[in-house]
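Labels run A, B, C, D and E following the written order; every chain starts at residue 1.
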Amino acid sequence: MKFGYYPGCSIDRNARSYHISMMAIAERLGLEFEEMEDWNCCGATEYFAINDIPAYTLVSRNLALASQQYSGEKLVAPCSACFLNLKKTDHVMGEYKEINQKVNTALEAGGLAYQPGTVSVHHLLEVIVKDVGLEAIEEQVKKPLYELRIAPYYGCMVPRPADMESFDDPEHPTSMDKLLESLGAIVVDFPLKAQCCGGHMTQISEETALELLRRLLKNADDYGADMISTLCPMCQLNLDAYQGAVNAHFGTDYNIPVIYFTQLIGLAFGIPENELGFGKEIVSAKPALEKISDEAPQEKKRRRRPGRRTGLPMPSMPEEG
Amino acid sequence: MEEKKEKTMQKEKVGVYICHCGTNIAGTIDVEEVKNWAAKNPNVEVSRDYEFMCSNTGQELIENDIKEKGLTRIVVASCSPHMHEKTFRNATERGGLNPFLFEMANIREHGSWATNDKEAATQKAKSLVNGAIERVVHHEPLEKIPVEINPNTLIVGGGIAGITAALELANAGNHVYLVEREGTIGGHMAQLDKTFPTLDCSACILTPKMVDVGQHDNITLLTYSEVEKVDGYIGNFEITVRKKARCVIEDLCTACGICEEKCPAQVVDEGYGAGLGYRKAIYRAFPQAVPGYPVLDKENCIYFQTGKCRACEKFCPTDAIDFEQEDEMLNFNVGNIIVATGYDLFDPRRIPQYGYGRLENVFTSLEFERMVNASGPTGGHIVLRDGETKPEKVAIVHCVGSRDQNYNEYCSKVCCMYSLKFAHLVHEHLPETEVFNFYIDMRTPGKGYEEFYHRLLKEDTHFIRGRVAEITDADHQPGEEGKLIVQVENTLLGKQQRIPVDMVILSAGIEAREDAAQVANLFKMGCDYDGFYNERHPKLAPVATMTDGVFIAGACQGPKDIPETVAQGGAAASQIASLIGQGTMMMEPVRASIREEDCSGCRICNNLCPYNAIEYDEEKEVSKVITALCQGCGTCVAACPSGAIDGAHFTNLQVMSELQGLLWDVQPAPEKVTA
Amino acid sequence: MTQTLSARAPSLFEEVVAETSGLGENLNTCIQCGTCGGSCPSGDDMDHTPREIFAMIREDMREEVLTSNTPWYCVSCYYCVARCPQDIHITDIMYALKRKAIEAGYYQKAGKDKAPEFSETFIDFVENNGRSFELGLATRYHLRYHPLDAFKMATGMGLKLFTKGRMDLIPPKIEGIDQLKAILKKSKELGGEA
Amino acid sequence: MTENGKPTLAMYWGASCGGCEISVLNIHENILTVDEIFDIVFFPCIADFKYKDVESYPDNYIDVCLFNGAIRNSENEEMAHLLREKSKVLVAYGSCAYEGCIPALSNLTTKEATLNKVYIDNPSIDNPKKTFPQTSTQMPEGELTLPSFYHTVKALDQVTDVDYYLPGCPPEPPQIWAVLQVIAGALTEGKELPPKGSVVGAGQTAVCDECPLEKQEKTIARFYRPYEINPDPDICLLEQGIMCMGPATRSGCGALCPSVGMGCRGCYGPTEGVEDQGAKMLSAIASVLDAGDETMEEDELEALIEEAVDTIADPSGTFYRFSMAHSILQRVKNGKGEG
Amino acid sequence: MSEQFEPVIVGFLCNWCSYRAADLAGTSRIKYAPNMRAIRVMCSGRVDPQFVLKALRNGADGVLIAGCHPGECHYVNGNIKALRRYTMLKKTLDQWGIEEERVQLLWASASEGTKLAEKVNSMTEELRELGPLRWHEKVLADNGAAHVPVKEA
C-alpha cells in the first residue's frame, strides 16, 4: 500500500523516534510512505490565534502540493495537530464558500490552487487500524508484549476532528486499545485516554499544563500502567519532558515512560529497540520493557473495572454483544 | 372535450378577495395594489380587500357578492389552503355556488411570511392571485362521494392510549380489534412505579383498565401479534394480522404460572424489566399481565436451542404447551384505524461520556423505575449495581439525549417531571441520601407540576443548573476516590464543579419507535423528521392523519405524559365514534375518471394505481376507474399517453391555466391552452 | 437574500461571527447549558466560563469580553465542540476572540500576554522558514520576553532534549519559501490584517 | 372556380420529400375521379405552373389547396402566405405541414450545425472552399438571391391560418380519398364541412385502438433496439421492450407498423387534446418502467432508474420524431444539443 | 430589489409534504428567495412533463418539482413515478441543451421547511449564474413565430 506522507515539523527532530519506528514497521507491513516535497508547517494551534485566513492558507499550501504530487493516495499525518489542521482546513474550505474563495485567491499568488475534497487526510493510527487491519498486524507479531500494562493515550485532536466524521469515537476511542491488545499487551481501561495534555500551555501557563499532565499521569498510575502509549509528538513531549516538572511541582514521583504506538508495534514485531528510536525518551522505557514476559498471562487481557458481577445485570455493550 | 370547450367560451364572473390578515399579509404586501391590479383582469367582476377574510363579515362579503353581483367563481388570496380552504368553500356554497368553483391563493405562508422584500412579495402575490384567477375560470362543479363506514375499528398498540381508545369505542357498542406486539397489554405505563405529580401507583390505576379490556365482549384482543397488511380506504380497510406463535394453547392455559416457575432458563429481562431484572424463557411480563397466559421466547428456550428440556411441557397441568405451534394469519375488515404504538426510550450508550454500560452505577430512568417498584428485582430497594449497597449520594441527570442536535433536538417533555419524582422517591426511600438534579431549564408546565417542584425544593434536593459534561470514575482530587464524579458547570455560579456521587440516574428522553417509518408506510401516514407520526393539523386536527380513517394517539405522535396520552386516546375514539354514527362519510370528489371515447385501451395506466383503482374492461377494450378506490393522486392522469384521463379539480386545462397565470409578467403574448 | 441591512454599527456578536468567516454563525443559538464550561479542561483558570463569554457577547460587553483571559486558556481540545448540543464551533470562536483581543490591543490586560507573544514568535519562524523550530522558538521567545525562563529552559529540560538529539541547532527552511511568503502576503490582505 | 364550373384544386410542397404527392397518386383509379371533379390550377409536381400564375389568380380562386411540407425557409413561408390568400380551403397535408415531421428534427440542432453537416462535414461532400449558399450574391449580371434558411423549422399553421389537418407520413390513401370526397361533396352538392381546425382523415383515439396485438398490464424492465430482439408477433411490442409510439399516436393508419412487428413511429401525431406528443409518451413510458420502488435507498433507486432510462438511446429523436415543430418547446436551446 | 437578474421558478409542490414544507417555512418565518411561484398538485406523481415544458416555454427560468421522500409518499409511490419521469425528462432536456440546474427535483417532508427554503435559495443562485432562459425571446426570437397550438380551445 502506498500513501502520501506529511511528517510535520516535530518529526524531524523532537519526534524522531516516531518517524524511525513508523518507517521500521512500514517495511514489515509493506507500506510505502512517500514524503511530500517541500511541505511547510501546519501552523499548529498558534497561527489561528493570530490570523485565520493566513492560517488556513498556510495549511492549504500543503493540500495544494499534495493534490499535485499524489494521484489519489491517502495523505497520512502522524502528528495530531498536523492531522487536524489538514483535515479541518479541507473540511472548512468545502463547507464555507467565503473561506474557500479567499484561500484560493491567496494560493493563486503562489501559482497554486486547491479544490476541497481532493486530498483525503488520515492519521497514521487510522491507516494502521483500518487500512492495514489488526489481522495483518497479528501475523507480524513475533515477540508479544505479554504482561506489559499500557495506558492507551489518544489526546484530543485525533478522536475529535470537531464536526468531521471521525474514524473512532470522539469521547471514548478504542482503536489503539484493540491494536495494543493484538500486540499481546494488557491494555488498561484509561478513562482520560482522550483528555488534553495541555498543548502549548506548557509555554504559556505552566501551572495549567502541569495540572492537566498530573491528572493524566495519576490516572495512568492508578490503573497500574507501566507505560503510556501515544500517537502525537506534542503529547509525548509534554508527558515525557515535563514529567519531572510535574513531580517537582506536586511532590509526586511518577516515572511512566511515554512511548509512540509505532515503537510498541515494532517491538512486538521483534525489531531491535535501537532501530525503533528507543532511548530518545526522557523517562526511560527500559524498566518497563523488562517486564515483558514470554508467557501469555493468565489474567484476562482487558481488565474489567473492580466490582462483583453478582448483583443486578450490567447493560450489554455493542462490541461485547 | 366539446362541452369543456363551451365552458371556457362563456365568460365567467370572478370575485377576488385579498385578505390583510391584520398585518400578517398587509405588513409586507401592498394589498391595495394587488386588489386594483387584479380588478384589471377581464375575468374579474369584483376585486376587494378586507382585514380578515376568514371572519364572518369576510365570508359574508363573498356570499353577498355571489347573490348580488351574480359571481360564478371565487378567488380568496390569504393563508394556506390547509388553513382555510374549507372555510371559504363553505362560504362559496352558502352563496349558492358549488364549493369547488373556488380557488385559494396562498400569499401569507408562501408570500408575506417568506420574505421581507415588500416589492418582491407584492409581485409574487400578483402572480399567485393571477394564477388562481386563470385557474378558477376553468373549475367545474363537483359533488362529494359518499362512503359506507364499517363500524369495526382496529387499534394498534396496547399501551394506555390504545387501552383508553379501545374501551371508549367498545363501551359505545362498537367492535374493536386491539393488536399488541408484546405478550401483554399495558405498555410503558405498566413499567412505571409512581406517576407524577400525584404519586399514585401506576399499576393500581392501570391494571383495572387492562382487565376491562381483557374481558370486554366488544374487544378482540390480539397480543403477541403484528399488523402485516392494510388494504382499502376509510370506511372499509382490509387488515391482515400475524398472530405469532407463543407456543401456548390459549384455550387450555389457566395461567397458573407453573411453567414459568419450572423453566430453568434465566434470561435478562430487556423488555418489561428494562434490563435490570431476570425472567424465564417462558414467561409473563408481570403477574397482572393481560392476557394471563405466557409467551415462550424461542431464542432463549433451552429446548429450541439444544433440543432438550421440555420442562414446561412436563409440568403443565393442562397440556397447554405446544412447541409446534405456528404463526397464524388473521384477516378482518374495519372502517377506521387508531395507531398508538408509543415510544422508545433514548439509549444512553450513544453518549459515551455519560458512561452508561461502562460505569456500573450509571442507570437509565427506566431501570430506576423498575428498581423502586416493589415488584421489581430489588423489591423496591434503591441499591447500587452490586445489589446491596445503598447510595449516599445520587445524581439525576436531565435532558439525556434531548435538546441536543447530536441526538434529538426536541425536548422530551416528561423528563423534568419524572426526574423530580425520582428525587422525591430517593428522599422517601433513603432519607439520609443526598440528591442532585442537574438540569438546563426546569420545565414543569401542567396541573400541579410546578407545585411538585416546590415540594422538592422543600425536600432539600440540590438543584444544579447546568448540563452534565461528563461522568467519570477518574478521580483528580481527594474525596473523589471510588466515586462517580459528575463534572458540570454550575451555571448559576459560573464555576466548573466535580461532584462525587455513588449512583447516577440518566433521565433519558423519548424517541420515536425504531420501526416508525415502516409502520407509517403500512398505514400510509407521514413521519416527521424525528420519526413521530404527522398529525393532519398541528392545532386543529391533532389525532387525525393525512389518510382518511387513520388516526394517531399518544407518544407515537410526539413526547407526551400520561394525561395527554389518555386525552388523545379518547379524542381519537370519539372522532371515530362520530364517523360510525354518521354511517356514511362524504369523500372529496378529487378523483380520476377515464373518457371512454378517448381511451385506446393501451393499458399503460392499469398497474400504476397504488390503490388498484383502475380495471380493464375486456368487453369494451377500455380502462375504467373505480371511483371509491381512487384517492385522487393523479399519477395515471399524468401517465395517460393519449390524455384520456381527467383528474377532477386538477385537469391539465386547470393546471396549465394556473401556470400561465403565474407567469403573466414573463411570458410572451398570452396564448390559449389546449386541455 | 434581499435582506435590508441595518444602519447601526455592527454588534460585538456580528463582529465575532464575521471574524470566524461564518464558522461561528450559530453562536446566537447558545442555550446557556454550560456543557462547554463543564467540559473545559482548563476551565478552573478562566475568569469567565465560555458560556458566560457567549452571554456577554450577546450583551455586547465588548471590553469585558476582549480583556477576559478565557480564550487564552483554550487548549483547543475540542471537547466543548464535540459535546455542544447546539453544534457551536466554540474553539473557532475562541480563536476569533484571541484575534480580536490582539487587534484591539487588549490582550496585555488579559494578564496572559505570554500567549500571543508565543504565538507570534512561533509564526515569525514559520513565515520566514516555512517550518517551526523548537529550540529557536523556545530560546528566542524566552529571551525576548522572559529572560529568566530562558535560563531555566536552557539549563533544564531544553538541555535534556538537546542531549537526546531532539532539538535542531539550525532552523530548517523550505525551498518554496518565496512562494509561501507571496501566498501569505496575499492571504493577509484578504484576511484583513495589515 | 373556373369558367367550366369545376372546383379548383392545388397541391404544393414546402420542405418535404415528395412522398405526399406520391400518396395522392396512390389513391389509384380514384385519381381520375379527382381529375373529373376538379380543375388542377397549381401542382408543380405533375404539371408546369409558375409562381406568377398563382400570383395572377384572384383571392380565393383556389377552392382546395393541399399544402404539404414544413416551413424550412423564407420561400416556403412566402408560398404559404400566397396560397392562403388564393385558397378558400387550406389543408395542412401530411405530417410535415401538420407538425414539422422529419425536417423538423433539425430543430434538435442549430441552423449552423445543419448547414455545416450538409455543406462541409459530410463524407459525400467535397467542398474545399467551404462554399455556403448565400441569400444574396453580387454577379456582373446583377444580384442573385436565395431564400433565407430558417433557424427553426415550423409547421404550416405556425406561419398562416389553416382550415384542416390531414396527418400521416404520408397520409393513407383510403383516408385521403375519404377526405377528398367530403370536400368535393361540400363544394359540388353543398354538403356540410367539418368544423374549421379539425384533424381529418384520422381517428380520435390512439393507434392501440386499431392495433391487433394482445395487450396486458405494462411493466417494462428495459428497452431493446430493433436489431437486439426478435419480437413475438402476437404480443404488444411495448411489453416486449420494443419502443412503440402507438399509445401516444393518433389512429387512422390501421396500425400498419405494429401489426408487422415494427414499433409505431408516431407519424399521425398526438391524439385529440394532447399538446405535446413526445412529452406524453415520455411520461407514459417512464411511469411503467419497472425500475426501483419506495423501499429502496435513494441512491440505489436513482441508479436503477438511470440504468433503465439509458436503454432508450435517443429520447428526443424517439419521442419527437414527427412532432418537433409542434412540441411545446419547438426546438433545442441555441448552442448545445446536437442530440 | 437590487439590479441583479431575478429568475422566475415555478414550483410544483405535492399537497402533503412539500407544499406543507413551504407552509412551514412561512409559519416559522424563514426568509428565502421570493423567486418561486408554487402550484399545488395532489402528488408529485401528478406532474405531467408537459407542465414542466410549458413552464419553460412560457417564460420561467427554472422548474422545481418537490415531493415526499421515497417511502413517505402519501400515495405510496407517486413520487417514485415522478422520479422516473424526471430522470427521463432530464435526459431529454439535456439533449435540448437545457442546463440541469433549470429543472430540479427535491424531496421535502412536511417538517422540512428549512430544506425547501434552502433549495429555493440555492436554485435561485444557480439560475442567477446561468442567466435568463426566457424561451420565447432567447430561443425562438429569430424567426420563431409564437407557438400556435394545434387547435383553438
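Just so we're on the same page, a contact is a pair of C-beta atoms (placed from the backbone, for glycine too) under 8 Å apart; a residue touches a chain by one contact, two chains touch by 3 or more.
Just so it is clear, the model here is predicted, and its values are computed rather than measured.
J.: Which chain is the middle one, judged by CA centres?
T.: Of all chains shown, the one whose C-alpha centroid lies nearest the global centroid is E.
J.: Among the chains, which is located farthest from chain E on the basis of C-alpha centroids?
T.: Computed centres place A farthest from chain E.
J.: So which one's got more C-beta contacts, B-C or D-E?
T.: D-E
J.: Starting from the mean Cα coordinates of chain B and chain E, work out the distance between those two points in Å.
T.: Roughly 30 Å, centre to centre.
J.: Just curious, how far off is chain C from chain A if you go by their C-alpha centres, in Å?
T.: So the centroids are 23 Å from each other.
J.: How big is the gap, in whole Å, between where the Cα atoms of chain B centre and where those of chain D centre?
T.: Once rounded, the distance between the two centres reads 55 Å.
J.: Would you give the residues of chain D that are in contact with at least 2 other chains, written as numbers and ranges?
T.: 270, 275, 280, 283, 287, 294
J.: Please list all residues of chain A that touch 2 or more other chains.
T.: Correct list: 171.
J.: Would you please write down the residue numbers of chain E that are in contact with two or more other chains?
T.: Within chain E, the residues that touch at least two other chains are 1, 31-34, 48-50, 54, 71, 76-77, 81, 85, 147-152.
J.: In the complex formed with chain C, which residues of chain B make contact?
T.: Touching chain C: residues 115-117, 120, 353, 399, 403-406, 440-441, 465-470, 487-491, 494-496 of chain B.
J.: Going by the contact rule at the top, pick out the chain E residues touching chain B in the complex.
T.: 1, 6, 8, 10, 16-17, 19-20, 22-23, 25-27, 29-34, 37-43, 45-51, 54-55, 58-60, 68, 71-72, 74-78, 81, 85, 109-112, 117, 134, 136-137, 146-153
J.: Please output the residues of chain B touching chain A within their complex, sorted ascending.
T.: Chain B reaches chain A through residues 268, 275-278, 349, 351-353, 356-360, 364, 377-378, 383-388, 470, 472-476.
J.: What does chain C use to touch chain B in their complex?
T.: 1-4, 31-40, 43-44, 48-49, 51-52, 79, 83, 85-87
J.: Considering the complex alone, what residue numbers of chain C touch chain A?
T.: Those residues of chain C that touch chain A are 19-23, 41-42, 44-45, 72-73, 75-79, 81-82, 87, 89, 91-92, 95-96, 98-99, 102, 112, 114-116, 118-120, 122-123, 126, 130-134, 138, 141, 157, 160-161, 164-168, 172, 174-176, 179-180, 182-188, 190-193.
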